[in-house]
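Chain nomenclature is as follows: A, B, C, D, E and F, assigned in order of appearance, with residue numbering initiated at 1 for each chain independently.
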Amino acid sequence: MRMDGRQTNQLRPVTISTGINKYAEGSVLIEVGDTKVICTASVEERVPPFMKGQGKGWITAEYSMLPRATHSRNIRESAKGKLTGRTMEIQRLIGRALRSVVDLQALGERTITLDCDVIQADGGTRTTSITGSFIALCLAIGKLSDKSPFAKFPVTDFLASVSVGVIGEKAMLDLNYDEDSKAKVDMNLVMTGSGKFVEVQGTGEDAPFSREELGELLALGETGIADLIGKQIESLGPLADRIGG
Amino acid sequence: MRMDGRQTNQLRPVTISTGINKYAEGSVLIEVGDTKVICTASVEERVPPFMKGQGKGWITAEYSMLPRATHSRNIRESAKGKLTGRTMEIQRLIGRALRSVVDLQALGERTITLDCDVIQADGGTRTTSITGSFIALCLAIGKLSDKSPFAKFPVTDFLASVSVGVIGEKAMLDLNYDEDSKAKVDMNLVMTGSGKFVEVQGTGEDAPFSREELGELLALGETGIADLIGKQIESLGPLADRIGG
Amino acid sequence: MRMDGRQTNQLRPVTISTGINKYAEGSVLIEVGDTKVICTASVEERVPPFMKGQGKGWITAEYSMLPRATHSRNIRESAKGKLTGRTMEIQRLIGRALRSVVDLQALGERTITLDCDVIQADGGTRTTSITGSFIALCLAIGKLSDKSPFAKFPVTDFLASVSVGVIGEKAMLDLNYDEDSKAKVDMNLVMTGSGKFVEVQGTGEDAPFSREELGELLALGETGIADLIGKQIESLGPLADRIGG
Amino acid sequence: MRMDGRQTNQLRPVTISTGINKYAEGSVLIEVGDTKVICTASVEERVPPFMKGQGKGWITAEYSMLPRATHSRNIRESAKGKLTGRTMEIQRLIGRALRSVVDLQALGERTITLDCDVIQADGGTRTTSITGSFIALCLAIGKLSDKSPFAKFPVTDFLASVSVGVIGEKAMLDLNYDEDSKAKVDMNLVMTGSGKFVEVQGTGEDAPFSREELGELLALGETGIADLIGKQIESLGPLADRIGG
Amino acid sequence: MRMDGRQTNQLRPVTISTGINKYAEGSVLIEVGDTKVICTASVEERVPPFMKGQGKGWITAEYSMLPRATHSRNIRESAKGKLTGRTMEIQRLIGRALRSVVDLQALGERTITLDCDVIQADGGTRTTSITGSFIALCLAIGKLSDKSPFAKFPVTDFLASVSVGVIGEKAMLDLNYDEDSKAKVDMNLVMTGSGKFVEVQGTGEDAPFSREELGELLALGETGIADLIGKQIESLGPLADRIGG
Amino acid sequence: MRMDGRQTNQLRPVTISTGINKYAEGSVLIEVGDTKVICTASVEERVPPFMKGQGKGWITAEYSMLPRATHSRNIRESAKGKLTGRTMEIQRLIGRALRSVVDLQALGERTITLDCDVIQADGGTRTTSITGSFIALCLAIGKLSDKSPFAKFPVTDFLASVSVGVIGEKAMLDLNYDEDSKAKVDMNLVMTGSGKFVEVQGTGEDAPFSREELGELLALGETGIADLIGKQIESLGPLADRIGG
């Protein structure tokens, strides 16, 4: 059994609260176990310079942790004067993942920025950020659609993310912080509602892994993603029907 | 009447939720109207270099807003690579204010850092940060005291902060964002439980003010501070009795 | 009696030398006791981006100390790569104060930048910077007026600044560095020629203060400001008559 | 057929020149097609602060491109004043990958820094950097071993890296720049001499991929890695026999 | 005799390999003894803001050392977040020197950037960078000329650079690193094909030098420059005839 | 005749005022024509890390211009967040020059920092900074000597600096800003009291110069330096006798 009594293929409790910010076009507080992330979607009616004049939109993401989101307090990146490599890597990952299920042409020349601010961290902050910011993104696009309907709803499929890992000899789903620190293999998966992979990022720094182990991890991940997408559908309500429509 | 129906000497609704972070030694979510701030207190058993060897402790504060805490999204200071003057000014103010009611000698050689993260902003974020971080600070010192009692409880008095201002010809208490934008005189007050001033920061950029107007503003502030300290006492429970004891 | 033999309500000797820079549109060396500040006003025929298209001007200020303006040498902010919070706070204060007595509409779309460089510091550098840069500002606007008269002279009132504080139990005017280090309450006042407050910034970090003490400090400040404005009038000569006219 | 006439499972020509720097403890110029990277290994007899006192060594990597390594000139990161997210991501990947095949305990308290400087880029610069820096690392450890033999040679297995991708509907090995720009799925693999995975980083930003496609890509990668390890063995000569011994 | 057996007026072996980068408009690997520098010339069809609208071109240079170009590894300037004073001084020198032999009017509104990346350093990296980047510059201008001939070839004269110094009591040409560390007087000369000085930078930090010594050093430098220009002519082939034509 | 009526070999009027700062160990305001520089010397009883444990002292310099020292206002380097290449080059030059006439062994393990702050600039700010900071340095060392005499006075010779240049076809001494902008050849010389060269920095960006022209410029410089050293001797009074003694 796992430290917190879960099965190897069981997610932690997931809670999704939408509309938690009065200004943002889309907002959500997502809690996966003790990991809590505020995701907001902000719409701007222009695109970054490298996208200008293509008639297409852009989706980008920023990620940050409050200083005391973790066991011991971290120095703010604003005080350091620069982002860490870890933060940049996560931001790039979130943005790339979300763009994979958005038809940027259909979105039109606007930018949606997803801010993922980790209020409390207990493992899986990057995967939780992706799962949560997908909802914030849909809400924001839904709001745009209410004002002026799109010819085609720009979100082409669901998208969620989960971590899997090997602890001891066991493959496990959705690692919390303590499990993550002990994992020999650590993998983050981003998948679509149609069961395809958008990102597969596996690392065996402490112990390289075989193709078999990889297979086992992917299977666990598929289960977890399906559960998460179920939660997303619930929280989105009728808006869920327009995705991929 | 004010836009939101309040009397000129009436605070917005105040909600204080303690213990909202599982790692921090003290934590609080304070809501004053639509302004929401998470304040956490983090204890470190060492002092900054300039305080070493004096047998005294140190209290410091950091302040930040989530990018979409406001009407339109702000660029993160971590992305800019530096803090704005406004942020630095506020951080200095919060730390100075809190230190005025802590006996640093009694605290001993340790640092308590107050992180004030504005989740949603609707005016008064600096005053709300002070009022909230005073509670987080007391909780953290209470926790230290539980582990190893202080000869003298290091918090010497209550401390709260509120804004006042002149709109049109009327002095008003606790301005929200819309009121703040119209105010000709804008003043932030920090006061103790015994009714003394710790900080008086008044600015009449748009219209210099007379000594009479100043008097009126101070009187309004005193009322508001007393109300806020009432709320602090409630939320601190039995710990409140030890302050200034 | 005070360390340097002054009365509690007595300013240090004040010397104002105008025209000390051959390039600047307005320039002054102001000495208040051993505190010496060079203030220059530079006019640019454009406004910052956030002011564009409003037909109004802008006044801004920068503040710096030479490394050896103080007892021991300070590291240059240019070498550190960033401004300290103290510097930013002072710059914002000077700019805000000066703008309160300038009719930006009458000034027209141009920016005047006041550079306050502290050559030697002995307490009161920020208040001295305000008092001195007001003169440099008037000289620069006078020069603009000589080239092309304004419909209405844009300076609406005199403006000066002084510090007051409580040392021991005594309220005192215009603290020098040694006095400032001992003060329990420290207050900077900016006032107009008509006796109104533009900025009241009082701090009782070491000892909160009562409303009575506040009153005493404000009264002392009023005296000092009146004296300083007298000196400004002398140094401005005929130009003084056009202010507020 | 591919643009350059290769089979889908064929690497570009690989050339490895060792000892190309007279100061570095290990150095190599690796050319994979038109991609050319200088890898040097530098040994320091100390470890970074977070590793102190554990009796273990550390391996880290830095990555950079000359400004004109690419079609059009890039601004230097030293001129920008900060590293891009891409550079940080690659540096972290190289370091993590190399550490997976080094017994840090056996290495002892020293740091080996691998510098990967891309002289000319034509796709696959991060994978080429890993393959090349593994050789530089072995040379440096071999040199340490010559001075004072290790109880156990600290390199536990071979390590190489290659890219694979899907272009049109075809899975292909070792993409050059033009192929990479057209790939719908892009994957970087790091594998050991014993055929295990150290890193699997697949991205389907433009088109999510199925588990079948993933399988095909992994199979192609295995072929390429085996070929690269053959080249490594050749270039290492007798030193190759000590790896994993 | 010198450590490496050279005469006092003898250069180290010089090798110049052109066309070593497939993207750059001009490229060269120059080796002077164990000092090796890659110089690339990149052409952009625009000029920096301060040159706009003058109908003239611009030549600029950047200089950098690979971290392990030297005996012990240097921290990258990109990791430090800023350029050292030494790097800036060298970059300014290279740019200034090259501009002295280019008719910027004849070049037209375009910028040529010379990147000098030191692969291995053994003294004289700045002089070698100048000598090498002159060739890269000529190649780039030659290429421009092939596409669309200039009315007048914009390179007006040859240009090379060498170091001279006083070691013990002896003046010597082209110091390597060990010699340079012992030199009492250190001088870098940049001269044209017609024997005129473009830069004379002599420093006697450890021992001021007389006018006689200066004369001796200049004479040695003239010899060395003449030899280097001979090498440049060889490596440029027919293009050499167009210079100053 | 020159614009300002001087002979080609004539300095501008030179004024040296010592003791102008009440805190610094040595201070001077030096005026050469309209160029005005405040030089202060600050003594610290420790040396930088790279000099530790050698029993030797260190001399270093910093240089800055007030924003309105020039015709049009310059952005502060502290606001930019970094020093320009020009500033770094000048700082390095001043430090190097001063060290050439100080016996660092005799000085003992302490650092003297020379701050050169240009109050008004009209050409020759770097040479004026050297000439002035030599005096501040002597005053500071004199003061150290008064407290505790040196076995040997650490200043070994006088040191001054001047610019020379070619305007039209004429070599001229001590260029002001307007002359400097027109000069084809621009040279800064640093020389000792015994007539030797410490720095020769000549640049012919607009027109390379012959050995004859170089000779003429050096001769002019010698004259100017001798005059400046005369002024230094006057201003130093009896302390002058101890230099080189």
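We take it that a contact is a pair of C-beta atoms (placed from the backbone, for glycine too) under 8 Å apart; a residue touches a chain by one contact, two chains touch by 3 or more.
Keep in mind that what you see is a predicted model, and the values were worked out from it rather than measured.
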Shared chain contacts [chain C and chain F, defined touch]: none
Common touching chains of chain E and chain B: none
Most distant chain from chain E, judged by the mean position of its C-alpha atoms: B
Chain A and chain E: spacing of chain centres that average the CA atoms, whole Å: 52
Where chain C and chain D are represented by their mean Cα positions, the distance between them in whole Å: 60
Between chain A and chain B, centroid-to-centroid distance (C-alpha), Å: 34
Shared interface positions of chain B, touching two or more other chains: 81-83
Sequence of chains encountered when the ring is traversed from chain E in the direction of chain F: E, F, C, B, A, D
Parts of chain A lying in touch with chain D, wherever the complex brings them together: 82-86, 88-89, 91-92, 96, 99-100, 157, 187, 191-192, 194-211, 214, 218
Interfacial residue positions of chain A with respect to chain B in the complex: 21-24, 27, 34, 38, 40, 42, 44, 62, 64, 66-73, 76-83, 87, 113, 115, 117, 119-120
